Amino acid sequence: MKLGPYRLQLQKRLALSSAKAGAISLLAIVAALALFSLLFILADVNPLTAYQKIFSYAFFNRFGLPLTISRFAFLLLASLAFILPFRAGLWNIGMTGQLYLGALAAFAVIFLFKGDPATGVRLPPALLILLMLLAAALGGALYAAIAGFLRGSYGVNEIVVTMILNFIAFWLVSYMIKDGGMFMNPGGRGESFELPAAVRAPMILGAPFTIYLALLLALLITFLFARTRIGYEIKAYGQSPAAARYAGVNTAFLPLLVFLLGGAVAGLAGYHYFAAVPGVYKIARNYGFFGDLAFYGIICGLISRGHPLAAIPVAFLFGGLSIGGRFVQGELNMSFGLDYALLGVLMITLVAFQFFFRYQIAWIKTDKEPRHVGIRN
Amino acid sequence: MPQAILSGIKRGDVVLELRGITKRFPGVLANDQIDFTMRAGEIHAILGENGAGKSTLMNILFGLLQPDEGEIYVGGQKVTFRSPLDAIEMGIGMVHQNRKLVLAHSVIENIVLGHPRAGKILNLTQARAEIEALCRRYGFAVDLDAKVWQLAEGEKQLVEILKSLYRGAKILILDEPTSALAPPETKKLLASIEAMSQDELAIVPFITHKLPIVLATSHRVTVLRQGRVTARLETVHSTEQSLAKEMVGREVIFRLDRVAVARGEPVLQVQNLSARSDRGFMAVKGASFTVHEGEIFGIAGVSGNGQQELAEALTGLRKVEEGKVLLKGEEITHAPARRRWQRGLGYIPSERNTVGSIADFSLIDTVLMNYYFDHDYTPRGLVDYARVRQLTEDLIAEYGVATPGAEVKARNLSGGNLQKMILARVLSRKPRLLIANLPTQGLDVGAIEFVQNKLIAAKRDKAAVLLISEDLDEVLSLSDWVAPMYEGELMGILPGEGALREHVGVLMAGGAKGEEATP
Amino acid sequence: MWEFATRSLEASTIFTFAALGELIGQRSGILNVGVEGAMLFGATLGFIAAQLTGSYLIGLLVGLAIGALLGLLHGFFSITLGGDQVVSGMGIWIVGFGLTTYIGNPYTGPLGMARIPNVFGLSPFVYLGILLVLATWFLFSKTSLGLRIRSVGENPAVAEVSGIDVARTRYFSVILGGMLMGLAGAIYGLSYNPVWNYNFLMGWGFIALALVFFSMWNPWLLLGGAILFGAMWQLSLSPELVLPGFLSRYLWRTVPFVITLLVLFAMSSKWFRGRWGAAKPAALGEPYIKG
């Protein structure tokens, strides 16, 4: 494309400042929302009205906002679980399975110690809550470790493995909570037993404590990558496994490590949704829906380009969008699955925008350039 | 049929002409008004250093790049090449330095690939007959059903030449035709080139620095420097010195002074070492040698004879199948890489862009690659970035790395500067054993000198240096001991002082084993 | 038992279609981890089209077309834009998962059409699948086009200087591959399991992806793997046909996945890995930038 002495040209970026990367990410989200309005138009809904309803419910409504905040914490944990291996160049798309295993492990603790008629449990509740957290982290970590181990020691593709583990975990949850499974609710509604009131996650300032935990983890992981030796090793491996090996990084252990860490965080996400969010406190019948939500973590991790702090606002926005989307779907009599559709549209827009992280469009003056010689050949 | 342009040409006819070829890249003028004429039956060398504009010119000739200005004439007719296919159709064939062959495919599949007559359903019988006829005509011997990865370098080159000839090439462009060949293979190739030029083929070898080869084969030479033609010479009227001067723009000293250092304790002892290649065959077969303090032990050989695997086995990057490796008397045969670094190993890998550095890392993080395991720089698992930055800035100053600062990413350094940075990083650890794998490959003359002098300085600092190089002259001029390597075996260990070039050359091509010297 | 055999062969056929699609793309160097997404699209849109028109043919064609479109999209991202193929494939999968949930929801439930009649006791797609394996084998070992596709997947730079249009060849392969994936989905939604439900594939695409790795890019080995996996999958869905009263039905559902994991693990053995490394298209997953 030409305009006078200028011509439009694609250039490969040599460097990308974080401000620019942020701007591109923001643009990607805006573009996705614009694209998403097509769905409203197709359903004969004014997109502006729809977005106005989504945002006001998600962020300014006294019923919607707490839901948004809980979902935000969940998405943030899922994003962090994705980011940890992602910075090592590995794809953890198994947050779903890991959070199921985390939830199962946490509920196993209560299953083992329930029974006291007064509180419903046989150990001090504070201790049990701590044990539940540890169990959730451990359950997720050990489950993810399968993928990390296979990748590190045997070079098995982690995408396929984590996805396969998701399906296995999905059916394991069904096995545990349905058809006479060990954790089945005595009422037999295809869901797990409810947590006794004493061991439900405590609230701080009106929100489950897991939200603060998620924010704290985002800070810790930022520090891990910015300042620690192990963070440096992860980054080196992520950029070039061959170079990391040369430098003496243990390339069999490192994938295992990042999956252990990522899986632990995903396990906490499972604890958060099934044991800490008000109104749930059980592994619900539609646990598959919560599992699917974890895929937002992939998009969130990609849009924030692996930076835990950048993931915070993105997770907050996506949390609100998915809550608001579900709300307007009912409000405007739209088809089920609007939040799923949003997931898809966000993802595909993001894929398209990946291009702009690598290239820029510039107007080039077509006059002769000064004569420099050498370098490139 | 466009190839008709070149049918019926006679010896001495002009087959190819370039007029005023100019090519710019952002900020760089790679080719500046290049004129060039080529006649049938002529071998016309194009000589120039890295960065002189050879590759650009070659890619223009072959349609991979399009010139910004200038014209190309084939058989007197003006042509434009939009892609290699156009060039091939005009009868231009190209033999690339980094072989353009599909390794997993058979020789014949490679030769017919993309050929317009290959047909929809592959008919290999007819193709086979034609290719065999070509082989007989020029005396090539190659198994058409072998997979390409099984072939030696020289054979791969023949396959490329055959591919061009099968396509009806009348003009053959050879990129660094002898760079990966051992001396006897080179001889054979030069004979084939002669035979082809007798057959009215025009042959254009592009060569960086092997001046004797230019002198031995070509009829005429065009020298490029900084994107321009600086000389057009008849080969009979030139000497090595005069060519080098035209190419570099100054007189070049061809030999380095040997430094005598008292020999100390043995540092690296390798006993009967064997290791496998990525493809699973034994790439290093029972190598035994010792490197002492204050000496350079040179391994000479053409790439792909197991040097890479040897270096990786010694540095902990490849499993040792058999044998023992001792570093300062301690067995490290199966020790992890980090342990070896901590025990005094320093390794300069041949792949400086993909293994020795990380493109998106700053120079500070690049230096950290050899320091992150050092508790002085990462106390309690936390990186002391102030200290690493200081070290990086010191190294940049000491080694004269041309960079705007320590925050710059490794990808933005030129090859020579990046190699300086890697060298600085590795040597700053004061390694007791330095393994340098092809440390000067692809660098320009100035950087080569710099690197070689640093190796000598390491030797002077009483390090044991293991130098792996394809450049026989480099090995001979730097090393105290020379071990030619061929198909995974060390063919002998000769004192560097007084080793005969020809003798080493024959050994690294698999000639009879030399008498063992005991270092 | 006979019912089990026919059902499991039909399952194998679906794996075969999807995995062959992936194989053709991979042979040209393009990895598409979004098989599941392409299949979901083919299944959902094929299902809707058939229900609206009452024609199986139109349903299958719609599946084919949407598959081609997704192949084109994946090609655009990974060939023209030179992006990360894993990111793009993830995109295909998640967009398939997300959008089909929304689009298909009003059609939840059975297709409500007379079933596609069997031919000699088997689903007609079984025969089509075997023909397709034969055709793919012929393509890669006997034709010039096959050689070009293989070359582009092994070493695109070489193919380019041999005068082959790398981008065109890759587009061709990835679109053809997408068509087969879409068709596989349509067969699933129209013939094998004609009851639409959200995310009703539950992992077929990912097993197909794994199947390509097992097959070492050989269509015959792929067929063998597909037959085994089809049987296993069928067993996990209806274990009562073979082993009544053994294991919970939920645990049965995990069996194909557990076995896939075990096979992946076994494949990492030294013996296997050497052969695998040699068979793997050398440029798989790497964007090719011309020049």
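By letter and in written order, the chains are A, B and C; residue numbering begins at 1 in each of them.
The rule is short, and it goes like this: a residue touches a chain if its C-beta (ideal position, glycine included) is under 8 Å from a C-beta of that chain, and two chains touch if they have at least 3 such contacts.
Quick caveat, the model's predicted, so the values are computed rather than measured.
The count of contacting C-beta pairs peaks for the chain pair A-C.
Of all chains, the one whose mean C-alpha position sits at the greatest distance from that of chain C is B. Centre-to-centre separation between chain A and chain C, using Cα means, comes to 27 Å.
Mean C-alpha position of chain B lies 43 Å from that of chain C.
Chain geometry summary: the mean Cα position of chain A and that of chain B are 46 Å apart.
Taken together, the chain A residues at the contact with chain B in this complex read 11, 14-15, 227-230, 232-233, 235-236, 239-240, 242-243, 245-250, 368-369, 371-377. Here chain C touches chain A in the complex through residues 33, 73, 77, 81-84, 86-88, 90-92, 94-99, 101-103, 105-106, 198-199, 202-203, 206-207, 209-210, 213, 248-251, 253-254, 257-258, 260-261, 264-265, 267-268, 273, going by the rule given at the top. By the touch rule above, chain B contacts chain C in their complex via residues 59, 62, 64-65, 83-85, 88, 94, 96, 100-105, 109, 112-115, 118-122, 163, 278-280.
In the complex of the two chains, the chain A residues touching chain C come out as 39, 91, 93, 146, 150, 154-157, 159-161, 163-165, 167-168, 170-172, 174-175, 178-179, 181, 288, 292, 295, 298-299, 302, 335-338, 340-345, 347-348, 350-352, 354-355, 358. Chain C meets chain B in the complex at residues 142-145, 147-148, 150-151, 154-155, 157-164, 274, 277-278, 282, 291.
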